[in-house]
Every structure is written in structure tokens, then in C-alpha cells.
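The structure that follows is given in the form of C-alpha cells.
Note that the chains take the letters A, B, C and D in the order they are written out, and that residue 1 is the start of every chain.
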């Protein structure tokens, strides 16, 4: 019983990290119809920006996190505005473009920062303990930031003009554009929002786990799994699915072992797609 | 398809043009000895390949300086051709083919087991001599007479390290953790055997390569209540997170890493030596002043700093052995003869010390270089000086 | 071609719901072979969804669709199409990067037709000014011609029932006459019955002896247009607003 | 109406003919070349092209597949297992197995995944490759687990062992040629059907096309073609190893097809040739190789939207249009005549 609860706690902290990642990924897909292969790259970049800001500029960690989020958002904006925007309707081209960007980003980071993990630590290291349970304070902070980010994102998407405009563009670009909404202005902003979220996650999570140039690959794979499960483009779906994946990963890894646990998770997602192709909360499978 | 005859012919011509590549012609001037390097030079493991490349370039420069190798009485010029293996079997195979095409007969590297597995058939077809690394259970063997092992795998060093760790930390049970691919399983299973041989109960746990958060695995390990955990060949980044999360979960026992070097990165990721607390690891080279002299020589000879990774030293010793064998055989092309010379050479290095050839017992062929190595220890959050262990022997 | 009456389209208690949204419910009507039936209603009344359900693109939530007593309900789109219920699309819908000729060739191949199908449409291609444009890419055609091509594609499959989704929308006055002509061809040459969803009341009056009025997913009225369009509830629900919009 | 009849050559298609001819021509490489680099590069290019054909087939139906490594693994491991367990070494028999076993697997799998469209299909095939890796690791009894299967016996052709560099390349060429012929046969025979599904699946279906028949057919054949690529790879390395079929390698096969140009069968071959050369060239640059590869991807996508072949074709079409106005009509009509004949 105790073990079940403890594992559940782990699953929830995993879920919080995954949710932050998957939200950005699903947002880009939902609004632009683009599968962003560079998503993991922005996560890594966020981590390194925060690391460089604290280590080389001596900024306090919270400031570094903000700078990381803004920096990745800025890069995302520029990338969308000047490169991706030209091909935004061709989903094969955008896939190749984001993939190329990812390769360039991760090898750029490798050349600048070297292959080994630097020393980058979360400023708070305490662990809450009691009655067979433990919960690192770091995870608690990530959980809190995650909740704030999700709430903010919901508010942004569902209660602001910016969000309404984005949703209109997501539904039918031609109609929305005819009504005076400007994709050229809004798409880069949406992309920046998503990459900023990835960068924020990187800045928050890499000091808890580890920071290295190649850690973007698994981030991308996990984001894939979650958005499949939650329904592509669905913000609510991604949030719920992230926690489901976190919990399944925790329970299956603890009770089946790491390798078999992963197999169980993947198979479950595959079955899920077969039974409900549009995911838990997705609308009908999008054509793009 | 709206294809006209003309545009197809033209695009065909373009393709044809693309297929005609500049061929690299084999040199046929003064005696030339080319040492091939096949190692991972890109991606996360690039540091290993860079250490390898740096070492071989250094040994080549040494040989040229000393006029070590003479072919038909004429001093030969030793050069190095390095190709990225991308840490995959295909990459290594392609690299080996490419080297064969340039007339290179001796390969230093590759470093990992998938690469070594990929390179062996190519080396066999082109009768190339390989001095490689990789801890796979079939890294070398009688069916590959020209393949040599640059240093022993866990079969050579796990046992002495476990004896030292047991004396220090007194554990009776251990969980060995590694990734679920060949780079993990082949080492973890040999480690586990060695623990059992020393009367320590051992179980194996495998995680999926690419796992970023090890909290669930850590919980699974904690549920088994082991007295020690061995992270085997888990990459340093992964190992660092596991150490951090094991300590967060309240694990008090010793943690080992019988898989390869990488202590400093593990310590950085984990959050310092206090977090490591009680920690033991395999250090492929016992680094004393004599060994560090290589670094100074490197700087003088190559005019830059040596590659950071300590595998550099081990590769220097291996490359020197190969260079000596070529010098002894007096040929740069007859790999049979070079291999025979290599087997007959005593294993010794001006900087690393003396060792021996091993491998007969585990691999069925005595082609594994064994030099003195080190055991690293952190006790109670304090790093101890690395302990020197004599070259592993097979008894 | 089977004798008259055997290919009657029967729609019985048809309902469609998307999650919580009831698009239409309990729609029933029959369309005897060779007849023309108009369907009108304000935007969002569920007209296009009705065509989607009858043609097999969407499965109904309840109710049945029968063609000459054969069960069509829940059959996939291609099966319904092969059984003889063929639909056209509201937006232009052709294989856009293929030429006009290729489009027609594909329609013939996919519906299992032979070279006779080409002969059958020669006159129509001339009349709609498509004949000289057979080699042009279909999305380079003027809008009106793209829509006519869409209708021709439906025609060459030799359907028994044609479901036309706003065939005149976006066409100019002169071009609208071609829709009339197309319907005439379909009836005379294929003995086909036609269901037309349309906002153009003149066209409805010209072509349809009977009409259905859908409002908010319900069948509000049915009968001859003169009669139905004079009813006060119909005018309130629909006609006034749309006449303005179309004008 | 003037019934244009297409010549047989026109109907088969220039791109397809040229592709098959080019691959057949590579038989000259083992006949005349002696340099192992040429052997190695030709080998890599052909394995890459074969795998990319599989992507090309799926792209005909507007489906982007990541599942190539899955079917390559099925083909490769089938060969390894039959060689090691049952002593089957005949290259023809093994090739048949390498095609049929993945194709048979694809049939039930297709029933599940072909219901998905667009990005959902992309993502589910990606998940499949991840599952493939884990299944390989978790079935050591059959697949050798993380160590893979090594020591595969040398393949034979009517009893003649095909062991040296030259023979290995000949096997690869043979397999690539079979794959090219199968791909060409499928995509030419059903060109109109696939094109209709690619452009407007709904219209095709509503005109009576049984879309899922063709999707299933394409998926099954694509799986078989991947299986042949897996065979060639395993034969080249003399082992079946999980790392040969890693999930991210699927990205390369997709890149070959798209960079080369997805509109023509020549595309995958050109893409594979250029990118394999590029990556071998960049490999010498070591730590910068990924950066250069990424840069190449971005540049080609931005500059040559239709891929290399498509862009070259467009240039030529443009100059051809200005020079000879009168011939532009002939080709489309020739294709359109299929329905009339």
C-alpha cells in the first residue's frame, strides 16, 4: 500500500514535467499543424541558457529560468517567422525543417558546451520525508510551476483575444484570415509561446535530472507518446495524458522493471490508438 | 506523372554527375604507414572518439619523431586517417570500408560493442588488423585472429575491484543496473557473476536507453533493499541522476560503477562528492606522474592540450603497441605478420608500466592487452586517492 | 437499368449527433426513381450533414437509409457509391493537380465504367465548355467550370441517386442554367433521381416539384415549393433571411 | 474525341525506367571497380535507396511512415534466423522470405494503423519502431536480445558462396533491383489510384474507389521492400543487431525520399545518393557532421521545395515550355487515356 502511494507520487512528478513539455508540442501542432521535431532541442537549449546565465553571468537561478524561457521563445519566434512560415502548409517540409533545426541546435550546443554534463544544480535540494514516503522539494516546485503554466496557458488560449484568434486560425485559416486575423503575426507568437514553454521546462528540469547536449531525443519521444494519447492539438488532453503516462511509467517501471515497463507503455498507447484513434480528448483525426 | 523525355534525361545526367566522386588514389611514394582511426566523433559519446583520435595522432607523431618504423630499411612516415563511426554498427562498417579503400590496413578503435560487432566482418574480408575496445562478451575470439582488445572488459577487472569494495564497504547484496541494450547487458551480467563469485547476492535491473528520470527504477531498486548498487556501464549522465535520486530516496549503501571511467561527470551531475557518499569505480588507467608525462609530451609535440577524456592514455598505450608491432614486422601491409609480431611483443609501456596478454579463458584467444589500472573510491563523501591495481591476469 | 420504382431512396427516422450536438433528428422521406427533390433550410440546419450521412461518409446515430429496399445504413462510402448513391460537394472538389481528362478517367476507372462512359458525356463536355480544356489542370479552371467538372465526375459513375450539395453556390446567373441542364441530362440519360440542397430559390422552383424544409435539424415542412414557401413558419424560419442574403 | 494512345514506354514512366536502369547499371561497379570505398558507398546508397522506396510507396498515398526500421528488422532477422536455425543460405529463397514475412506482418498491422490519417499515422509508426526495439531486447531466445544474432552463414547462389566484398555488393544490387521493380510495378500499375488517394481521398472514395484495398496493398508491399533492405543490411554486416534498426534511422529514410523528391521514383535514389555521400563526407569532419547534415536538410527544403529531382524537373519544364509550346499537351492526355482504352 505504502509502495503504491509512493510510486503514485513519483508518477505525479513525472507527469508534471511531461505536461510542461507536451503542452508546447501540442500547441504547435494544434495551431500551426506542424510536428515540431526541434521541440527537444528547445528543452536542451533552455537548460543550457539557464546554466550559462547562472554560471557565467552569476544571475540568480529564478532570473536564469526567465531568461531561458525568453531566449528560447525568441529563437522560436525568429525560426517561425523567417523559415517555417514560408512552408507552413506543407507538413513534410516543416517536418524536415524542424528536424534540420534540431540537428543544428544539438550539435551547436555540443560544440559550444562540450559533450559532458556540466555542474548545474537546483538551488533547493531538500527532501520531504515521513512514514516511508519521500518527496524532493525540487519536484514540488516543478509541480507548482507546472500548474501555474497550465492555468496561464488555459487562460491565454480560452480567455484572451490572442487565444481566440489562435483558435480561429487553428480551425480554419482561410476563414480566419479573411476576417482580418493575421497568421504572419500570430503564428510566430504561438510558436514562440510553445518553444518558450519547452525552454522553461528545460531550465527547470535539467538541474534536477541532468544537462547534456543529447537529452532532447527522449524528450521528443515522450512528447509524441503524450500527444498521441491525449489527442493531437488538445491542451486538456495533453495535460491529462501527461499525468497518465507519468503514472503508468512509474507503476510499470516499479512493478515490471524498466525495459518491460517501457514496452507496456508503448503497447498501451498503440492499443489506445487502435481503439480510439483520435486520442482521449482529440477531435476527429486531422487531415494534415 | 508529367515527365518529358528531355527532362528525365537531364535529371539523369545530374544524378550521374553526382555519382562520380573524386576517388582518393592510394599513395605510392616513400614508405607510408597509415593508421586508421574508427571512433565516434559526433554526438553524445564524441569525447571517447576524440580521445582515441588524439592518442593515435600523438603516437604517430612520436613514431615519426623517433623514426621508429622502417620499411625496407627506410624510415616510414606515419599518418592518421580518422573516420566517424557514429557509434553504430553500420557507421563503423562504413568507416572500415572507407579505410580499406584508402589502403589502410591497421585500425585503432572502435570504442563501443555495436561498432566492434559491425567492423569485424569488414576487417575479416579485407584482412585488416583491429585494435578495438568494447565490452561485449564476444568482443574478440578465435574466429577473428586479427582483432585485438585494447584493454580487458569486466571479465578482467570486475573481480579485483569487487574484492576491494567488499573489504571497504562490506556489502552482502547488490543490484546491478544498466541500460537494456548490448552496451548495458553484456557488462552488467559479467559484473553480477563476479559479485556472486565473491559471495555477494546480485540481481540485474535494466532500464530503457533514453530514460531521463530514474525515480521509478530507483524505487524498484529500493524495494529489493540491497546493501549496494552497481551502475555498471550506465552512461555517466544517467549514473549521476541515479545516484542523486537514490540518495533522495534515502539509500545509504555504497554505489559502484564497474563499467568505465566518468567519475567526475557523475559527481557533477549527482551534485558533488557528498552525494556520492560511498562510491567505487573502475579507472582504466592508474594515473600517476609517469602517466601524466604523456600529457606534457603531447603538448610539446602536438602544440595543443591533450583530449580531456582519460581513455586517451589507454589508447596511447594500445597505439604504441601497434606501432611497435609494425616496426618489428617491418611491413605496413602484411597484417598477418604484424599480428604475429604483436602477439609476441611483451606488454609494456614506458608510461603505463608492464602488463600481459590475457583473454584465453574468457574469449578463447590471448589477444587482450592488460595494463595496471585503478580503483577509485569515495568514502563518506571524501575522494580517496585512486588505488593502483596490478594488471589483471587470468588464473 | 432496372424498371422505374425499384431504385427508390428511402430515408427512415435518420438522426445524427456529434457528441452533445444534435445535428438533425428523425428525418424521413422517400425519393422515387427519376424524381427531383429539393432540400432547403438556413445555414446550420444540417443539410450537408444529411448528405454526408446518406452517402455513407458519416454513420447515422439512428435511422436507416435504403436504396430499392437494400440496406445502405452504415455501409462505407465506396460501397454506397457503388450501389448507386453518388454525391457532389459544396466546395469545388476535383483531383486538383490532375488534368480535366485525368479527373474523368479516374472517375470512370474507380466506378468500374468502360470506354462507353466517355461517349455518354461527349455532349455534356461540349455544352459545359470543358471539351477544349481536357488537358488543363483542373484547379486552373475558372471556378464555375471546376464545379461543373465536379458534377460531371458524379455523372460518369452512372448513379441511380444523385445528391447535389449546393451545386449553384458561387456560380453566376448564366452558369446556373448549366445546373438545370445537368439535372436534365441526369434524369433523361441515367433515369436518375436527384436530391438538391440549395439556397437559390429560383433554381429550386425551376427544378423541384417537391421540397423539404429543414430547420435546426428537424423536418419543418414538405410539399410543392409554391405551397411550402408560402407557409408562414417557413418564411419566418428561413426564406426572408436567405432571399436577402442571396440577393 | 481523339483517343490518344500512350506508348508502352510512356505508360511505364520515365522516372521508373531510369531508376531501374540506374540500379541495374550499378552491376558495373563490382565488375570493374576495385576500390573498397566504392563498394562500401554503393552498398550504403543501395540499402538506403531500397529503404527509401518503402517511404516513397507510402507517400504515394500521402502517408508518411516511420515504420521502415520495423519492417527492415523483420526482414533482416528473418534472414538471420533462417540462416542460423535452419541453415537456409540460398539467396533467392532468403530474399523471398525477407519480402514475405514483413509483408505478412504488415497485413494485420495495416488493418489497425491504416485507419489513421495524417500526423496520427506518422506518430503511430514512430511508436512502432520504439516497440520493435523493445521487443528485440525482450526476446533474447529468438532475436539474440541486445547482442543480436552474429555468425550468420554466408549466403549462396545455386550453391556458390557469396562471401567477398564484390559478392556482397552484388547481393545488395540484386535486392535493390528487385525492390525497384516491385515499387515501379506497384506505383505504375496503380498510379491513378494512388494519385487520387494522395490528392483527395474523400472524392476518390465517393467515386467508388475502395481506398483501403489500395492502402493495404501499398503498406504490405512497402513492408516487403523494407524487408529486402533489411536483408541487404544484415548481409552486409553479417549480423542482425538491434542498433541497425534504431528508431531514429527512420528519419534518414524519410529524408532520402523527401530531399530527393517525393514526386518521382528517382527521388529516393537521388536523395540517398546525395545524403549518403554528404554524411560520409561530413563524417570526416566528426563533431560538425550533424550540424552540416541539418544545415543541408534546411537548405534543400527551403531552396528546393519539391526535392532535388522535382526542382530540376521544374527548371527543365520551364525552359521546355518556352522553347516548344506545342508538346505540353501530349503527356497528360496519354495518361488520361487509361480510362478510355
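By our rule, a residue touches a chain if its C-beta (ideal position, glycine included) is under 8 Å from a C-beta of that chain, and two chains touch if they have at least 3 such contacts.
Every value quoted in this text rests on a predicted model; they were computed, and no experiment measured them.
Looking at B-D and A-B side by side, the one with more C-beta contacts is B-D.
Relative to chain B, the chain whose mean Cα position lies farthest away is C. Per-chain CA centroids place chain A at a distance of 35 Å from chain B.
The distance from the centre of chain C to the centre of chain D, each centre being the mean of the chain's C-alpha atoms, comes to 42 Å. Mean C-alpha position of chain B lies 72 Å from that of chain C. Residues of chain D in contact with two or more other chains: 134, 137, 287-290, 332, 335. Across the assembly, chain A contributes residues 107, 110, 217, 221, 259, 262 that each touch 2 or more other chains. If you check each pair of chains against the touch rule, the ones that pass are A-B, A-D, B-D, C-D.
Listing the residues of chain D that touch chain A in their complex gives 59, 64, 112-113, 115-120, 122-124, 126-128, 130-131, 134-135, 137-138, 247-248, 251, 254-255, 258-259, 262, 287-291, 293-298, 300-302, 305.
For chain D in complex with chain C, the touching residues are 1, 192-193, 195-196, 199-200, 202-211, 328-329, 332-333, 335-341. Per the touch definition, chain D reaches chain B in the complex via residues 13-15, 18, 22, 35-41, 43-44, 134, 137, 145-148, 150-151, 163-165, 168, 191, 233, 236-239, 241-244, 246, 263-264, 266, 269-270, 273-274, 277, 280, 282-290, 308-309, 312-313, 316-317, 320, 327, 331-332, 335. On the chain B side of its complex with chain A, the touching residues are 42-47, 180, 205-208, 210-213, 215-217, 219-220, 223, 236-238, 240-241, 248-250, 265, 268-269, 271. Those residues of chain B that touch chain D in the shared complex are 1-8, 10-12, 14-15, 18-19, 21, 23-24, 41-43, 46, 49-50, 53, 82-84, 86, 88-91, 93-95, 97-98, 100-102, 114, 117-118, 121, 125-126, 136-138, 143, 180-186, 206, 208.
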